[in-house]
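Going in written order, the chains are labelled A, B and C, and every chain counts its residues from 1.
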Amino acid sequence: MKNPAAGNFFEDFSLGQKIVHATPRTLTVGDTSLFTGLYGGRFAVQSSDHFAQGIGYPVAPIADDLVFHIVIGKTVPDVSRNAIANLGYAEFRFLKPVYPGDTLASVSEVIGLKQNSSGKNGVVYVRSTGTNQNGEKVLEFARWVMVNKRNLDAPAPETVIPELDKAVDPATIGGALPSLDMGHYDFDLAGSPLRWGDYEVGQKINHFDGMTIEEAEHQIATRLFQNTARVHFNQHIEGQGRFGRRLVYGGHIISIARALQFNGLANAFHLAALNGASHVAPSFAGDTIYAWSEVLDKAELEGRDDLGALRVRLFAVKDRDPAEFPGVKEDGKYEDGVVLDFDCWLVLPR
Amino acid sequence: MKNPAAGNFFEDFSLGQKIVHATPRTLTVGDTSLFTGLYGGRFAVQSSDHFAQGIGYPVAPIADDLVFHIVIGKTVPDVSRNAIANLGYAEFRFLKPVYPGDTLASVSEVIGLKQNSSGKNGVVYVRSTGTNQNGEKVLEFARWVMVNKRNLDAPAPETVIPELDKAVDPATIGGALPSLDMGHYDFDLAGSPLRWGDYEVGQKINHFDGMTIEEAEHQIATRLFQNTARVHFNQHIEGQGRFGRRLVYGGHIISIARALQFNGLANAFHLAALNGASHVAPSFAGDTIYAWSEVLDKAELEGRDDLGALRVRLFAVKDRDPAEFPGVKEDGKYEDGVVLDFDCWLVLPR
Amino acid sequence: MKNPAAGNFFEDFSLGQKIVHATPRTLTVGDTSLFTGLYGGRFAVQSSDHFAQGIGYPVAPIADDLVFHIVIGKTVPDVSRNAIANLGYAEFRFLKPVYPGDTLASVSEVIGLKQNSSGKNGVVYVRSTGTNQNGEKVLEFARWVMVNKRNLDAPAPETVIPELDKAVDPATIGGALPSLDMGHYDFDLAGSPLRWGDYEVGQKINHFDGMTIEEAEHQIATRLFQNTARVHFNQHIEGQGRFGRRLVYGGHIISIARALQFNGLANAFHLAALNGASHVAPSFAGDTIYAWSEVLDKAELEGRDDLGALRVRLFAVKDRDPAEFPGVKEDGKYEDGVVLDFDCWLVLPR
């Protein structure tokens, strides 16, 4: 019997293949509490039922990055268990709000394959979809990962590289926002007077605080997401590996940076889309994560004069002052200490 | 005033004594979330309300091992606070499903006593029962522990060793299963096509993944269960003790192994009974826990043609590859690295 | 743009200033679960819906110290972000019970200011109020902290030192107790037969157990409370600071000590008021916290013959046996190892 936990290798994927991922997961107020304990998020909409209801949510929605971790976590055993690298994301949009009590499941379709010239591995492109208990899509994204071959003699598949948008068209975002009455949004309680109109393209925002990672924290988080990638959990193996230690799940860095983003972007309560993201360098327990953002673009939201979107490039850096805004050097390489480059659309009141 | 936290010593127990344990505990979705964060369980029935409801549960039930930890945790201050060793379990059956909102309490009855020849300690046998807020039994088991005497001059009690079944009769299990409609069990979402009929007696299953223990994790888990055994929490004392460090609660190893068991037994969603268990060796923070199972027996469930039971011997091992199936040597001793020998009945779809 | 995360410095405060703190927070059963995992509390009223309902609560209330952490956590970014020291608390009373689903917010008013003679910092006195979603006060307290000046040339404000009661008048406590039917209080399930009448003024109670702190634990706790004080989270900065390491939030010690207080005060289920508290010395990961209490006073509760209040001085000590009752020396200084001196009113059945 093939060990079901061994996951798929490059030659196990075929173009058009559809994968139903285990395990459906009901998200609850318990997940929100533990998520708060792990990251300390302070966006008022996700923290307070009363605040959320005041602007028209039925109840405080589940944090967008928690939705993301749950949906992607399910794909790991099938898609990226044997991945060497997470290469990229595209066409990544939140489509419906998720509330406590909703049950999420994930499916993926293989949309591209390209064996590398070494013959030892290849790139697998998938489009993954998270759905709720009513079959409604809550999140959709394309992702590509480099996966090892099990059998080096397995023939190379035909190369198909999907055409993916370089960025999400802001006209297509906002699906995960219910009808809202922003007139009741309380900027004092939300922690900042700054609205969409107060930000300018090119502006850089220091998120100021730093958060030191502990092994127990990233392990608890990654298990909460039912993400089984072994590099995060197994010191017995990783101790003999390339880094000599467990690797922190890249999504843990995303959520630390997203929580820190409150400092300067307190009203950017909704992560609506992701244009692309790069896990620039690995992080480990003991690293202190900081973050800063650059406003890349501004967009109105179709049919909504109460909300606007900011395209923000969120950088996470480790063990250095984010006040220096460490990002990309002139030669296109990342500056020392950068661990995450996360290009997203955020929604906030106008 | 006798310090109530000091617990009972061997001479404090008497045959037939009944002990009402503090503190009743309402289990909630919050407990399920934290339990997921601590162990990463992926059994669909316990993870998804929608999946559970599809087969007839009112809502996703609380994980069986969490029920066990809660019920046994309450017995600790009275029964095993001063235990030197947990010697065994018998006649251990889950009798009713437990759902979020249910409140559990525990009582124990002393069913046997035997002072050891050293005169310094003795074995206490108790039968412990967990009940819900309606007074219905949800779990019942016998347990025996070696407990120190406070006063070496206290007279030895009459020796009574209870007759306990060597294994749970499969005809008596299944009480914690509601009426289910297994026709709606979705094997894709559950993560494996393997049914009861696909397993064979003698088969060995490598659960593949390893999980490294952190101090914060086992402490948070053990406190969640309101288990106060001091060896798990107090480095100031344990640093001067036999191991020089805090000992991991044996139940923490059980739940790590049970979660890993998903790899190969994804449909074995219900832990119905325990024939016996041995905490073979202590575990500490830094240990990486692996697991493997051997199918010992198969049984039909009385009156149910939709479900079957597997008797499985689940071994947890530390810091070595479970692919070698380390268990018991020819001389009857355990192989190096074995930390848990857990003989149980699991229920899965036929 | 002034960085909103930078917090206020001494010269930013003015007498009578009112501050609405971000972020409102809905407390849920998820918070109760994680709180249990972090501290292991065993008071029956907060642990069991069934027990709480038996005596007249609609459902198990949120632990009083969790309410305190949430309310004070909100004040940190505005009040104590740049505090050098938490100097004291007064007139600290719980006014309404808090239940899962309630949303708490905090406001503060500056009630006193005194620049220190060095000209480098000053003492800020605030009165902070926590309210629920109906605008009802659930907690009120005065607090004073020493805060740095940003600009040493800023003029000193007029010195105003508020008159604060030395202790809370027991005639004013009990507001956070609903109408209760203590006849249904089950002392067996609660874990102790000891009632109000069984304690004597002057009595010292050893709480017996010790709890070793882990970095992940105090960080998860402090984030759960949305407390952003940087000294708790940032090893990159703190590693170069006075202690070379992260400082544990003083409230973490309070909740460890409060949970340990169950050993000897199992029926003291409600923390009703705080007469004063001093964080005597800093605590760090690796410290083992013990606790003991001295009964300072006893009071009847106005209009209630079923409940009584004990004034208890709860000491937390680290890395030494609490059986020695380490507290205050004859010269008025604290004995070695004392980390917390917490003078409170507790309520228990008569």
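One rule holds for everything that comes next: a contact is a pair of C-beta atoms (placed from the backbone, for glycine too) under 8 Å apart; a residue touches a chain by one contact, two chains touch by 3 or more.
Source: prediction; values computed, not measured.
Where subunit B touches subunit C, under half of the residue numbers in use are shared by the two copies, so each contributes mostly different positions.
Rounded to a multiple of 5, the Cα-based rotation taking subunit A onto subunit B is 120 degrees. Per-chain Cα centroids separate subunit B from subunit C by 36 Å. Residue positions of subunit A touching 2 or more other chains, listed in rising order: 28-31, 33-34, 214-217, 220. Partner subunit C is touched in their complex by these residues of subunit A: 28-34, 36-40, 42-44, 47-51, 60, 188-192, 206-212, 214-217, 220, 263-264, 266, 286, 288, 319.
Taken together, the subunit A residues at the contact with subunit B in this complex read 3-6, 20, 22-26, 28-31, 33-34, 77, 101, 103, 105, 133, 214-217, 219-224, 226, 228, 230, 233-237, 246.
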